[in-house]
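For reference, the structure discussed in these notes is given below.
Lettered A, B, C and D in written order, each chain numbered from 1.
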Amino acid sequence: MGMAGLILFLFFVLVAIFGPILWPYDPLEFGSPADVLQPPSAAHWLGTDDMGRDVLLGLIAGSRVSLMVGILATVVSMSVGAFVGLTAGYLGKGTDAVLMRFTDVFLVLPWLPLMLILAALLGASLWNIILVIGLTGWAGTARLVRAQALAVKERPFVERARALGSSRWGIMGRHVLPNVFPLIFANTILIVAVSILSETTLSFLGMGDSTRPSWGMMLHFAFASGAISNGAYWFLVPPGLCVLLVVLAFTFMGYALDEILNPKLRKR
Amino acid sequence: MAPEILRVEELKVHFPLRSSFLQGKSGAVKKVVRAVDGISFSIGEGEVFALVGESGCGKTTTGKAVLDLLEPDCVSGKIEFFGQDLLRMKATEMKQFRRRAQMIFQDPYQSLNPRETVYDIVSEPLAIHRLAKSEADRRERVAASLENAGLKPTEDYLDRYPHELSGGQRQRVAIAAALILEPLFLVADEPVSMLDVSVRADILKLMVSLRDRYRISYLFITHDLALAWVLADHAAIMYLGKIVEVGPAEAVIQKPRHPYSQALVEVMPRSEPRAARPRVILRGEAPNPVQIPSGCRFHPRCPIPLPRCKEDEPALEELESGHRAACWRL
Amino acid sequence: MPLLDVQDLHVSFSMRQGMVRAVDGVSFTLEEGESLGLVGESGCGKTTAALSLLRLLPPNGRIDSGKILYQGRDVLTFTAEELRRFRWKEISIIFQGAMNALNPVQRVGDQIAEAIRLHQPVSEKDAGKQAQALLERVELEGRRVNDYPHEFSGGQRQRVMIAMALACRPRIVIGDEPTTALDVMVQAQIFELVESLRKELGMAMILITHDLSVLGDTCDRAAVMYAGQIVEIGPIETLFQTPCHPYARCLLRSFPRLQGSRSMADSIPGTPPNLIEVPPGCRFHPRCPEVMAICSREQPLLLERGPRHSVACHG
Amino acid sequence: MTRRYFFSKLFQALLTILIILVMNYFLFRVMPGDPVSMLVRNPRMSPEATQKVAEMFGLDKPWYQQFGIYLINLTSGNLGTSFIYKKPVGGIIMERFLATMLLTVAAEALAILGGALLGIIAAWKRGKRVDVAALGFALVTYAMPTFWLGILMVALFAVTLRWFPTSGMLTPTLSMAGFWQRLPDTLWHLVLPGVTLALVLLGEYALIMRNALIDVLTEDYITTARAKGASEGRVLRRHALPNAMIPMVTLIALNLGFTITGALQVETVFSWPGLGRLMYDALAGRDYPLLQGIFLITAIAVVGANFLSDLTYRFLDPRVKE
C-alpha cells in the first residue's frame, strides 16, 4: 500500500516539476472560440475548457499549484502545531491549560467558513492561501504532539536521564523529540492530504489565486460554466480524479509510515 | 559501623490532590496524598539498605525523593548526602551529587531510550557531565563499564538497540550507564521484578559484586522480603508512608516484632506443602494515603490492637541494638 | 474414571515467523475435587494448555491433535452449542489481570448475573440477587454490584472474578496466575479464599503459576512444564522435597526463600528455546547442568518414578 | 459526580463560545488595513454609505467600547446588517439554518449507521474480501473532495439518469402547497445531497469502527465473555460493541466541524438553500457581516453538538471522571 502511494506520489511530483517546463501553459490566454468545451480529440487529449484551453495542459500546470500549496501549508501547520504541542506538553500547568483550551477551540471550529473569511480578508494570493490553510489546520497536530510529548515525558527513560543529571532542554532534545518525531512525521504526510483537499475546496468556492489555477479552480470554472448540464465530463472528471489520486497517495504513504514507525504492540 | 553516606530525617512527601477548577474556587480544603509521612534512616558506606513494603506504601517515592527527582515543593525534611543537605544544594553541587548517586529502574524495557544504541546510552552520562577527555577515552570508558556490568565481549553490544536485547541484558546496560560515573550510591527500585526468574539471581549477584568491589551503597527497594533477606544488611518495613520496623536484616526478617512485619513474613510463600503452620492473614487492604487512620495507622488491620492505638501514634522504639519498631505492644 | 483426562494434546499457533508448537504432547488427569498446579516460565505453554480445555484459543491458535475427556466425553468433538453450555457451567476461569478480564463499561453485578443467566433459567432480578450474594461470599459488600470494575482495587477485582467463576458452581476452576501483580498480603488472602471456597463446594482446580512455591498452600499435585511439555508431574510434597528433573530443581531454587541460607542460587544459564525450532532430544539439554551425551539425541519419555510421580529425564 | 461532570463540560463549552466570540470580533480588527477601508473594498459602496457603515459598527469609538457594543448586540441577536440583502444577518441566517440542520442531521445519521455497520462487517471478516473492499471504499470516499463527489452524483443520478432533482429543496410549483405535499417533495430533494454528505463521512466512521472493534476483540474481557458461554453474537452485541462505540463517539464529536464544512460544500453544489449556499453568495458579494454571522452560528452549533456528545460519552464510558 505504501509502495503504491509512493509511486503515485513520485509520478505527480515529476509531472509537477517537469510538466510545466515541457508544456508551458498560460491560464490567461484563451483558446479560439471554436475550441470551447470540445470533447477529447487527437489535438486535445482531454478536450478543452469553457475558454477553449487544453484541459490536459491545465491539469499539468495545476499539479504544481496543488502540490506546492499542500506541502507548504503543511509545513506551516506542522510548525505551529508542533510548537504549541511541545510547549504545552513540556511546560505543563497553566501554560498547558491555556494553550490546550485555545487548541480545542480551533479543533472544533468549522474551518471552512473560517478559511473563507480569512482568505477573503487577506486577499486570495497563493501565499495567503498557504498561510490560511496552515493557520487553520494546526490544532490536531498540536494535540497529537502534546499527547505524545506527555507520554514520552512519563516514560522511565526520561526519569533515568534526569537521575543522570541531564538538563530539561537536554532531555527535551535528546529523549523527548526523537521519540515524538516519527509520529509527527507520519501525521505530517496525512496533513498534506488534508491540505490539498482544503486548497481544492477553497479554489472551488472561488477563493483561489486566479493567476495560478489549481485543480480546484478548474473545477470551479467547470461548475460555474455549467459543465454538468452540458455533459462536459472531460472537464469535470480529470481534475477531481487528480485530487483523489494525490490525496490517496499521501494517505497511503501516511498509513504505511505510521505502521512502520509506530508499530502498535498487539497482543498475541 | 561503616561511615554514613546518606542520612534521611523526617522525610515527608505530600502530593497535592489535583482539584478541579471550580472546586479550587470554592475554597474547599485541599486534599493531600501523604505518600511519605515522616521517615528517618541512614545508610553506611558499602551497605545495602532494603526498603520493603506493599505497593502504595511510599517506598518508591522515598527512593525518588533521596535522588531529588520529585517536585521540590512536595518534599520536606532533611536528606543529607555526605553531610550536605540535598534540598538546599546549589546547581553545581547538585551536578556533583548526580555523578555520585544513581538509580536503577524497575522496568528495563521502559527505562532505556528505544532510539539509542547501547553505546549512546552508556556514554550519555559522560556527555552530560563532560567527563570524556577524547573520543578514544570515551570509548574506553564505555567498554570498561559494560565489562563491569558483565556484558562481554563489549563489541557485541555497542551498536545494538535495546529491543535487540533480553531483559537481563537491558538491565545490565542500565547498570553500566550508572556505573560509568563511578557512583557511591545507587537506588535500585525493584531491579529484578520485571525479569524472568532465571536471570534474577545474576543481576542481584552483579549488584553484590559491585558493592564488594567499589564499596557502593544501595537503597534497595522491594516488595519481596526474600530478596531483602538475601541481599540486605539493614532492612526497613514501610506501611502507609511510615517505617514501622527497622534494623539489621537478620533481626527484622527473622525475628520481626511489629505485627505488620510479622504478618508480612508469615504470608511469604514457602516451598512447603500445605503445612498446618498457623498464620495470620491480615484482612482488607491498606487504606488510601489520602485518609490515613488516626493513632497508629495500622490499627484498623492490626490483629492485636490496644485501645490507645486508636488515639496515639507510636514512635520507633529501640528494642535491641539497632533494631527498632513502632508499636504500643512492645 | 478421572473427571478430566487430557491425552497427548498438541496446540500450535501460526505466527509470521512460522508455526509455534506451544503445547507439544501434554497429558494429565484431574480427579474430582483435586487441585493441580501447572508451573513454568513464561512462554512454556501452561496458559495455552489451560485455555485449550475450554477451546478458547485466539484465532491464530489451533488444537492439532489429542483428546480432552471431560467425564469421558471429548470436548474437542462438541458442537458450538454444546461447547457454549459446557463453558463456565463445567469449567470456569479466573484470569490473570482482572482489570482486563472484566468488561470496563458494564457493572460487575450485571457481569456476574450474565454468567448465571447464560446457564440457568432465572429471572434478571433473581440473578441480580445471586450476584449480590456471591459478592458477599467473596467478602465484598453486596451493594457493590452496581459498581464498575475501575472502582475496585486490584485485589477486589480479583475477588469479583472469583465470585463470577463460582456463579454456576462449576466442577473445575482454572486459575491463570490469579495473583500475579498483587501484593503478597492480598495474594495470601486470595489463595485462602479460593482454598476455602473450593473445599466447601468440592470443586477441582488447575492453578497456573510461574512460582512453584505458592503451590504449597493450595495444590495436591503439580506439573512442571518446559517448552511445551511436562517434564515432571507428581505430588506436591515430592516436588518440594525430592524434585527429580534438573529443570524442576533449578526452578525451585531460583526463588530465594526466607528460610535457610542467605546465599543466592545460580541462575539457569541460557534462555528457553523458541518453539518454532526446538532443540533435538531433550528440550532442556542446552541449559541443563547435568547434561549427558544421550540428552541431545533422544527425547526422554515421561516415565513413572514413584506413586503418581513421573519424570521425563535420562538421568 | 455526574452533576459535576455536567457543569464542568458546560463551563468548557461556554468558555469555548466566548473565545470564538472574541476571535470573531478581532478577526475583522487585526487584519491588515483598517476596518473601514476593508469595508470599502466592496466597490459598490459610496463614501456616504461607508461612513454610515463605520458608524453602524461603532468604528469611531475605542476598541473596548466597540467590543462591548458587539457583545451587547450579540446577546440581543443583532449580528449586523447584510450588505447584499440589506436585512439583519440574524434573520437571514435563521431562515437558512433549518435547511442546513435537516441536511446535516440526515446525513450524519445515515453515515453513523452505515459506517458502524460497514465497520462491524469489516472487522468481523477481517482480512477477507469484504474487509478489503470496505477499506478501499472508506479510503476513496475520504480522499475525494466533497463537492466533486456531489458534482459526480448530480451528473450521474440527476442529469444523466434523471432519477432525482438536480438542485434546490422544493419543486418550484409546490411552493404554495401544504406541508404534507411539500414534505415528500423535500425528502425527494434531500436524497442526493444527503447521500453525498453521508458517503464522505461514512468512510472514516467505518474505518474507526473497524479498528476499534478489532482492538476490542483482542481484549481479555472478550475471552471472559466467551468463556462464560456467551454466543458469538452476544459477545459482539453485549461486550465488543459498547466498548468499540467509545472511540466512535469521540470521532463523531471531533468531526462535527468537518461535517459542517462538508454540508456547506454539498449545499453549494446542490443549491440547497442552507447556510452553505448563503455563504457562497456572501463570498461572491464580499458580504462580511453575513460571513461573520455564518461563521459564528456554525461554530456555536458545533460547540453545542460537542457538548451533547460529551454527555453521551459519559454515558457510554463510566470510567470518565472529570
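Going forward, contacts are C-beta pairs under 8 Å (C-beta built on N, C-alpha and C of every residue); 3 or more make two chains touch, one makes a residue touch a chain.
Everything quoted here is computed from the prediction, not taken from an experiment.
Q: Trace the shortest chain of touching neighbours from chain A to chain B and give its length in steps.
A: Steps on the shortest route: 1.
Q: Report which interface contains more C-beta contacts, comparing A-D against B-C.
A: A-D
Q: Averaging only over C-alpha atoms, locate the centres of chain A and chain D and give their separation in whole Å.
A: Taking the mean C-alpha position of each chain, the two centres sit 21 Å apart.
Q: From the C-alpha centre of chain A to that of chain C, how far is it in Å?
A: 54
Q: With chain centres defined as C-alpha means, what is the inter-centre distance between chain B and chain C in Å?
A: 33
Q: Which whole number of Å gives the spacing of the CA centres of chain B and chain D?
A: Chain B and chain D have C-alpha centres separated by 54 Å.
Q: Taking each residue of chain C in turn, which ones touch at least two of the other chains?
A: Residue numbers touching two or more other chains: 58.
Q: Tell me, which parts of chain B touch chain C in their complex?
A: 54-55, 166, 196-202, 204-205, 223-227, 229-230, 253-254, 263-265, 267-275, 279, 281-283, 285
Q: Quick check on the complex: what are the chain A residues that touch chain D?
A: Per the touch definition, chain A meets chain D at residues 101-102, 104-105, 107-114, 116-118, 120-122, 193, 197, 200-201, 204-207, 216, 219, 222-223, 228-229, 231, 233, 236-237, 240, 243-244, 247-248, 251-252, 266-267.
Q: Could you list, by residue number, the parts of chain C that touch chain B in their complex?
A: 41-42, 153, 155-156, 183-189, 192, 210-214, 216-218, 236-237, 240, 250-252, 254-259, 262-268, 271
Q: Could you pull out which chain D residues touch chain A in their complex?
A: Going by the criterion above, the answer is residues 12, 15-16, 19-20, 23, 27-28, 31-32, 38, 139-140, 142-148, 151-152, 154-155, 159-160, 166, 218, 254, 256-257, 260-261, 264-265, 268-269, 279-280, 283-284, 286, 288, 291-292, 294-295, 298-299, 302-303, 306.
Q: Which residues of chain A touch chain B in their complex?
A: Contact set of chain A toward chain B: 155-157, 159-167, 170, 174-175, 178-179.
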